[in-house]
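Next come two complexes built around chain A: one with chain B, the other with chain C.
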Partner chain A sequence: MQREYQRVHQHVKVYEVFARKARPEPLRQIGSVVAPDADLAAAYARATYDEERWVEMKIVPKEAITTLWAPGEEVAE
Partner chain B sequence: MSVGELVLSLADNKQLLGLRYAEWATRAPSLEADIAAAAMGLDDIGHSRVLLGCLEPLGEDPRAADRENDAGAYLNLPYLDQPWTTWGHFVAANAVLDTAFTAMIQACVEGNLEVLQSRLRKMLMEERYHFLHGRSWLREGIAPEPLEAAWREAVEWFGPPDGEVARLHQEGKLAAGPAELLGRVEERLEMKAPRFEPDWRAWDPRRRRSRPGAIDARTFGMLRGLEERKFMPSGASRGA
Partner chain C sequence: MASANPAFDRLMKKGELIETVGEMTPEYLKELKHTLLVSGDTELISAPAYYLAAQRAPSINAFMTGIAIIQDELAHAHIAYHILEELGEDQEKLIFSRDPKSFRYPYAFDVPLETWTELIVANAMYDQAGFCLLGDIHEQCSYGPWKRGLNKVMLEENFHLRNGRTWCKRMSQAGGESREELQSAVDWMFPLTIEWFGLPDSMKMHSTQLDYRLKGKTNDQLRQWWMSLVVPYMEEIGVAVPAHMEVADGQETWVLDYPFPCTFDPEAKRWDFRDPCTWDDVMLRWRARGPRNAEMIQLFQEEFHNFRKSHAGA
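On to the complex of A and B.
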């Protein structure tokens, strides 16, 4: 049965999820979640991405990330 | 009531809470909430197993043989007897009841029984995310009925001011009594429980509830493994 998801929250943000498996490793982006606040985003990130043994996990609002350049964009001279 | 019966009450309530969470794993308002419902369900069913494993080291197993046939032998709260009909029921249980159970687990971890101190500590870390989930959804607002029912049952589950939980607190086995436990839940959720006086004369000290009733037949069948057998091929026998 097809089910359409409807968000009940009017205002949601994308949170990028970062994690690492061992201290020497750098944090790397492992995915993202959508939530109205950081508390719910933390709960969602933990529920969605906890299948591996991470020693550290962090979330960052996507809007807080400044892009210097990205694929398909011209590098500023 | 002994500490073993209290641990069994926690175990039964967490098992039922986990099953009720899991029932919403495809019905929550968003995909993320579906996944969180499934994850929290797995957590609580796992916590229930850990709690049941504490009974023997505690020196007593209060589980009677009638649990095989009598749904009323389970020590769960009325809130968990039937599947929830609205998302508001999920949120109220997630915010209030789950936090109440966590407050009791914290009281066990900070008490003087070594087996509970060591085995229950990890649950507190996992429960942090249940709390964040429940509190955040609660702030969105839900209907008053399930919220009030959850608070009433949490107050009843903590028990009367001069009851066995209070006695276990005095003995140092629990680090908090009923009033402190309720205060911790209110502080964490940043809200007050509705004021009411439970009818302690009608309260069952073993099941820690006033209202009669029991788990619905389908869920009870699932607990006993009967539901799964319906999906076995005809003619197959266990162990074949």
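On to the complex of A and C.
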């Protein structure tokens, strides 16, 4: 279910932020940002999650992610 | 502590993490939101509080460190408020449309930090308090998204703390006026941080936060932990603090050298150790908020509403 987010900008969505610290590591979700478009979301992600020298960082609109199963959620039939 | 939600009871009993609202009881959700709000408000208010003092930095490098710390604090606030948002709250309303007095951060931030010295003592003492409170939550918290979100926060609080300690040491070693200024900042800020941890366990009958594993340590345990980190360090660098360690039954306990609680004059930034008061008096002072409450909230609320107006209909 997609939530509505109230921001100064009219239409915003959640982007999940993925990163890894070193080449042998897998990419993992480190947080999320709310922004009107991918450019601003990238800027927010870079500024907010600067705690490490990541070798890779990617953002994905949350709505583009399909959940197969997750803890606490009903399994899709 | 059986609830109407067997899934919730099972997860709690197993020491498992809660991941979705569906797994919570309404009481758990309420307590979680309250804990997150206190945390978000505290991180957020540290930004204007530190900013107003960082402007007095002695060098460009020092100023940039101050600004980097403020940026971290805003990111930490974002983490707490975004979780609140995922739990159904409106982040913009929480930050920009709430009455200044209803923010839930510790009273300490309402007393103005007016010099670089006071800022670095805040890094050494207030951020140490934040480190203890959040470190405990990071370790114990039963809500998965917050526990994971705190990984970043803990890393960065460590950096703030180091900045505070390095500067305290430098100023103490410099001696003279610099040392005196450091000592007088510590004199009013130490007891203010002691208060930060709230009512003593003997007066706090019951903690729902502990029941729900939203935290793991009691107020007094947190206060003791904080003193065990701050007192030896301050003594080591030659700064006097009004507390000492006592050993009773093989157990180390940190004991305050003044009546707790006692009266504080926020305008003069002065404690009266000869004038003990009650916790009711402290609560009254807290609820009235301190000198800088409205000014700090206005600092970010005003700009937001100006922006809103100038971009109306855009």
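In the analysis below, the second predicted complex is superposed on the first by the 67 of 77 C-alpha atoms of A that agree within 3 Å, B and C clash if a C-alpha of one lies under 4 Å from a C-alpha of the other, contacts with A are read in each partner's own complex, and residues count from 1 in each chain.
Here, a residue touches a chain if its C-beta (ideal position, glycine included) is under 8 Å from a C-beta of that chain, and two chains touch if they have at least 3 such contacts.
Remember, it's a predicted structure, so these values are computed and weren't measured experimentally.
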item: Partner chain in contact with A:P71 - chain B first, chain C second, else both or neither; value: second
item: First, second, both or neither for A:K13, with chain B first and chain C second; value: neither
item: Contacts of A:A47 with chain B and chain C, given as first, second, both or neither; value: both
item: Which of chain B and chain C A:D37 touches, first, second, both or neither; value: first
item: Chain A residues contacted in one complex by chain B, in the other by chain C; value: 3, 5-8, 33-34, 47-48, 50
item: Residues of chain B defined as touching chain A within the complex; value: 26, 29-33, 35-36, 38-40, 129-130, 132-133, 135-137, 140
item: Footprint of chain A on chain C - complex, ascending; value: 7, 17-20, 22-23, 71, 75, 78-79, 82, 85-86, 90-93, 144, 149, 151-152, 155-156, 304, 307-308, 311
item: Of all residues in chain A, those that touch chain C in their complex; value: 3, 5-8, 30-34, 47-52, 70-73
item: Contacting residues of chain A [partner chain B, same complex]; value: 3, 5-9, 33-37, 39-40, 42-44, 46-48, 50
